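There are two complexes below, and they share chain A, which is joined by chain B in the first and by chain C in the second.
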Partner chain A sequence: MNKQSFLKRFISNPDFSRLLILILMFVLTAVLQRNFFAKRAIVRNIDSFTPLILMTMGQAVVIISGGLDLSVGPALSLMTCVLTSVMREGVPISGLHALVVAFAAAMAIGMVNGIGIGYLRIPPVIVTFATSFIWLGIALFLRPTPGGETVDWFQAFYRIRNVETAPAFLKAFGETIPPSLLLVLTGCLLWWIVSRTRTGRYIYAVGGNSQSAYETGINTAWVQMKACMINSAFIFLAALFFVGQNRSGDARMGDPLTLKAIAAAVVGGIALTGGRGSVFFALIGALIFSFVSKIIFFANIPNAYQTLFGGVIVIVAIAASQLYTLSSRRSGQESKLT
Partner chain B sequence: MTILEARGIRKHFGGVVALDGANLTCKQGKITGLLGANGSGKSTMSKIITGVYSADAGEITYNGRAVRYHSPNEAKQAGIAMVFQNMSLVADLTVCQNIVLGAEKTRGLFLDNKAAAQLSKEIVDQLLPGLDVRRMVHELNPGEMQVVEIAKAISTNPRLLILDEPTAALEQAQVKSLFDTMRRLVSKGVAIVFTSHRLWEVMEICDEAVIFRNGRNVADLDFSREVKDPEKIVSFITGEAGKATVERTRRKENREIVLRVSNMNYGSCIRDVSFDLKRGEILGIGGLAGQGQHELMLALAGSYSGVTGEVELHGKKIRLNKPASAIRNSILLVPGDRQLEGLFLGHSVFTNLIFPKLGLKAQPLFTPEKKYRRESEKIVDTLSIVTHNLDMPVNSLSGGNQQKVVVGKWLAFDTNVLLLADPAKGVDVGAKRDLYEYIVGQVAENRMSVVLYASDNEELIEYCDRLLIMYEGRIVATMEGEEITDDAIVATSMRVR
Partner chain C sequence: MSFLSKLRDTPVYEAVDRYKKLIIAFLLIVLLFVVGEIVLETFFSLGQILLTIKLASFIALFGLCQMVVIASGGSGLDLSVGYMATMTAVFTAAIMDGQNSNLWLAVLVALGLGIAVGLANGVLTAYFKLPPLVVTLAMANILQGIINAYTAGKNITGRPSPVLQIIAAKSTGLFPNILFILLILAPIVTVIMNKTRWGLKLFGSGANQTAAYLSGVNVKMVRCTAFIISGTLASLMGLMLIGNMGIAFKDMGSNYVMPSIAAVVVGGVSLTGGEGNYLGVLLGAIFLQTLTNLLVALGWGDAGKWIGFGIVLFVLLIVYVSNRRKR
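Coming up: the complex of A and B.
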């Protein structure tokens, strides 16, 4: 393959259009937001993008495996409620207890969804719609009103310098690399590892064609369950960030993130039919999505229209990459004769 | 040495008996042909052996022990691999990932992609040199997909390999290399079961043949002792004496031109294609698989909007930018993949037959159900579609009868041009004859003209008045009458630019 055809292939790739849109959004935001390149603004932007990025990557894993998770928002809320219910203010060790209990809860959440989707073969939308109320119910039981206790060091998931007992070098480190970025990197590392194992390969196979995956001898239900549990791990990371930031749990805080994460995954090129797309491009989708809300915020669009504009821009972004794919097909660059 | 023996296998689905005491014996180092019409129980037998279905009665001995597998995976571990008729590949994985799927080697925690690529390349190179194992499966053409499918089965080092119509999607060069691979496997002691509707393939490659009709064995032929007599085999398959093809005399006289296509272009798939179609003519489109024939058929049917060039019907310029405009001009398509493009599988024969009518502009507000049922019954009669009644879901019909329904849905229309895209693919000898009998009859009465694309050269030779050979989207040769021979087709198809 010569250089030019490689370039051509690269440009005709729909992922290229996503990168273009991302760069466009980035530039627009940089123009509109004053101090965009100031350190504080950068850290703040990363902070505000982190939850959606993590939730989108998790959702992407489930969608690729052929599922869809409508319970991620309530699951996030539930995890914050569990964390803040187990922790006791002024008892540092209770923070560790909370981590263990909440992680167990996260895995349980993934397993319940996985059992419904994989083993009971209930349509994913229905299972997770139902479980979303279960998570919400438990969360409301634990924490009828927002609040709860946290230990001081839990702020390390948001701002290390706020932790009084942290050594100076850690505080300095936290100033250079914000914890939210580390959480995102943790998520990336998690998927990087998974994608290089059989599980990662099988998630694509099951989502792409579960019948033939089954006939090849893959335990499809177990793979779908694992996908749900990986999603839960991503949600868990987001929950850590939220509790670190807000120092409280809230049974309703996660709700708006559910559909945003799905939409962002689609913007990132994850096919809702399963089996197609890249989790790292889901991250890019989440970035595009986040930049859109920044742009709307900074563009002085009247409050009343902000939501409306947000919706329109997302549709335009998806349609643009769709049209791009179509037009590059037609120009015959994909000399695919089927 | 007998490696597998299936005795007295019975299987019914609902009220339909698929197998009624059928037997099959496979010997080490031998290729056994499994023949029969669609719905005669060939696929069911293969699927029972590999554990996709469980038999109602009968027993299977494998390596001298009675076995009963519950999943294809169990059978695979015992050394029985099967290439399924319907594609079992994951479209969004690469060739190599598909071949090793389920049997990935790991280095520590991570997948060993290098070993996988090497293994896949070794196998693929025997079957189709030049196929890049890193390509995504959804980018491949049907023939290449079939090759991957076969490679996947071979990669498990089976002792018994079941190939269920592996050649249906292959072009002849690919069939040749498949046969070479099969011979190599057989010489290593593998037993192979081979099914195909193309008799010459069976006669060329098989050592013995078992013929099924209505779920029973009607003949066990040993080709080392018996002569290979196609007419006898056909009579075993169909249960009646007769030829496999419909007699047709080629027409040469000059007739008026019905369809004139000039300088048609579509991306890199169709390049500068021009041809005339005369009244009452069968015009063949041939060549290697995937040279733009399929796209040409779809372009003529109005499936693409970006096609350039001129199309004239009876001397009047027409635009074919959407399927509706093609249908309005009575250019009707029988698509290649009937299950995906031609039918509403879960719906009844009746619904499928009348559906095109519902799109007509002059459609009454309320559907005249009774009248349409009468018309549908007539269609079922004309094409001798085998179905219990009009309300049977179309996917309960055998492949050949499904194909007849696809043709039947256009019967109520005046047809100018009928586009047939590989109409006999996966259709048995009997149904194929019925189908061509109807088409040849219509053409003889000048009721319509036909553009026929077939992947099997036999059909082109048998039925076409003229034949166009396509290569890389261009028409590279035109043959007429007696010039149309297998040698000529192969020679012009393989032409190197």
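Coming up: the complex of A and C.
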């Protein structure tokens, strides 16, 4: 294979265009944001990107397995409410209790969604639409208004230096590598491990063609349930960051993230039909999405227009990805029908 | 066994089998009233029932938007109806300014907005093949953004015209006027869906898109039209909402989105498309409103309402949807 054909193949790869867009957005943001390369600005950018990155990676796993989760935002809100309801101010051990209870809640959320999608075979979008209101209701029950108690050391998920009792070397470590980056790396590690196992391959198989996956002996319902639980684990990581940052729980705070996570996954090349795309490219989609939001912010668009542009970006992004996929698979007969 | 097979041939059994979902919905309503009466002792009263009917009418009218879109198939749902109605209410409040003479202009604006948004939804889902839920959710964000931008830094001024207030808020004798709108609309909708060519095309596209396409139905056009109808109806509902409330505010319509879909499910209409039964949607709306009343009376508030709606929707999805998707 000569060099030229390798280059050609590389350029014609859809992932190449995504990387190119990411670099473009990175450069644009670097030009627009003052002190972009200053350490404080870098840490702040990573902080503001972290929740969307984690939520997008989780959503990507569900979409690849042939599902779609409309309940991720309320699920995130619910986890922050659970965390802040279990914790008691000034009782350090209660933070540990909160971690255990919230993780159990996360797994329960994943299981309920997984039972609906996998075992009961209700259309994923509809069943998660229904469960999203159950999560919202429980979150409102726990925290009718934003608030709640947190333990001091929980801030370690946001800024280790804010924790008074932390040893000096940990504080120094937190200054070099922000905890938000560690949370993202934890998420990456989680998916890297899963993708090395049989479950990782099964998730692709079930999402690509559920019927033939079933016929080759894969327990498709169980695989889809595991995908939902992996998604819940990602949301749990995002919830840790939120509570560390805001020191409160809020039943409504996750709502906008649902749509953003889906859109970012699509920008990252995850096909909504399932079975295609890479979770790590979903991360790149989330980065592109975050940079675009930053650029809109720097373009001095009034605050009132931000929701409007958020919605427009989602539709443009999804439409562009869809047209791209359609044009690269023109030969398919089914696209001519209907 | 022979007794059962004999029973199966009787007309009563056939009727029960045909209308079993309506009967289930009706029994659920009765059950709620019985539970409410036992727990609260003052739940079952004429005033309560009339209030329930009035509030349920709004859910049922939003449910009509959903039913048309759902019937057209393609896993269609319209999550933008709430902000569509809100946007119309906010925009037309200033136009009407409490004058009947300005009502025609308000209606024209409502129709224009509804058709435009419905067309956008329809083109994006039917022609660009984007998932309806994601598109309409994003559309809801866009409309919310437009409302925020329009109202930024100022109060929403204007009042509905008196005619609208009479239609949406007042009662004739015992019965709320909005009920009469529903009583006129329900038969018309039923006839259009079941007796006209367009209704046949709508159900055909929903039931089997390939068969419909091969028999000459323009499936994309039908689905696009369904979204336009939904958008237009939702926009007109904005006028009803402002008529009922007397003022327009930013979030006035968003609480109707979830109940409108739940009403369709409770009414036994298949979410996979190809079916439509407006009587079921009406019963579903009454059920949901009764459930809300009960939960509010028990003092569970918003939290209880959303948990209740979510669980009802989840359970009915299990009952109605999962059994028809067996391998």
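A few notes on this one:
Just so we're on the same page, the second predicted complex is superposed on the first by the 299 of 338 C-alpha atoms of A that agree within 3 Å, B and C clash if a C-alpha of one lies under 4 Å from a C-alpha of the other, contacts with A are read in each partner's own complex, and residues count from 1 in each chain.
To be clear about the criterion, contacts are C-beta pairs under 8 Å (C-beta built on N, C-alpha and C of every residue); 3 or more make two chains touch, one makes a residue touch a chain.
From a predicted model like this one, the values you see are computed outputs, not experimental measurements.
In the superposition on chain A, contact of A:Leu189 is made with neither chain B nor chain C. In the superposed pair of complexes, A:Pro302 makes contact with chain C only, with no contact to chain B.
Of the two partner chains, neither chain B nor chain C is touched by A:Ala41.
In the superposition on chain A, A:Val100 makes contact with neither chain B nor chain C.
With both structures placed on the common chain, the touch criterion links A:Val27 to neither chain B nor chain C. Look at A:Tyr204: by the touch rule set out above, it reaches chain B but stays clear of chain C.
By the touch criterion defined above, A:Ile134 lies against chain C but remains apart from chain B after alignment on the C-alpha atoms of chain A. After superposition on the shared chain, chain A has more residues touched by C, the comparison being chain B against chain C. Chain A residues 335, 337-338 lie at the interface with chain B in one structure and with chain C in the other.
Chain contact summary for the complex, chain A toward chain B: residues 193, 196-198, 200-201, 204-205, 207-209, 211-213, 215-218, 275-276, 329-332, 334-338. Looking at the complex, you find that chain C touches chain A at residues 75, 77, 124, 128-131, 133-135, 137-146, 148-149, 151-153, 209-210, 213, 219-220, 258, 261, 271-272, 301-311, 313-314, 317-318, 321-322, 325-327.
If you check the complex, the residues on chain A that touch chain C are 68, 70, 116, 120-123, 125-127, 129-138, 140-141, 144, 214, 258-259, 262-263, 272, 302-312, 314-315, 318-319, 322-323, 326, 335, 337-338. Residues of chain B touching chain A in their complex: 52, 71-73, 76, 84, 87-93, 97, 101-102, 104, 106, 109-111, 139-142, 267-269, 290-292, 294-295, 306, 473.
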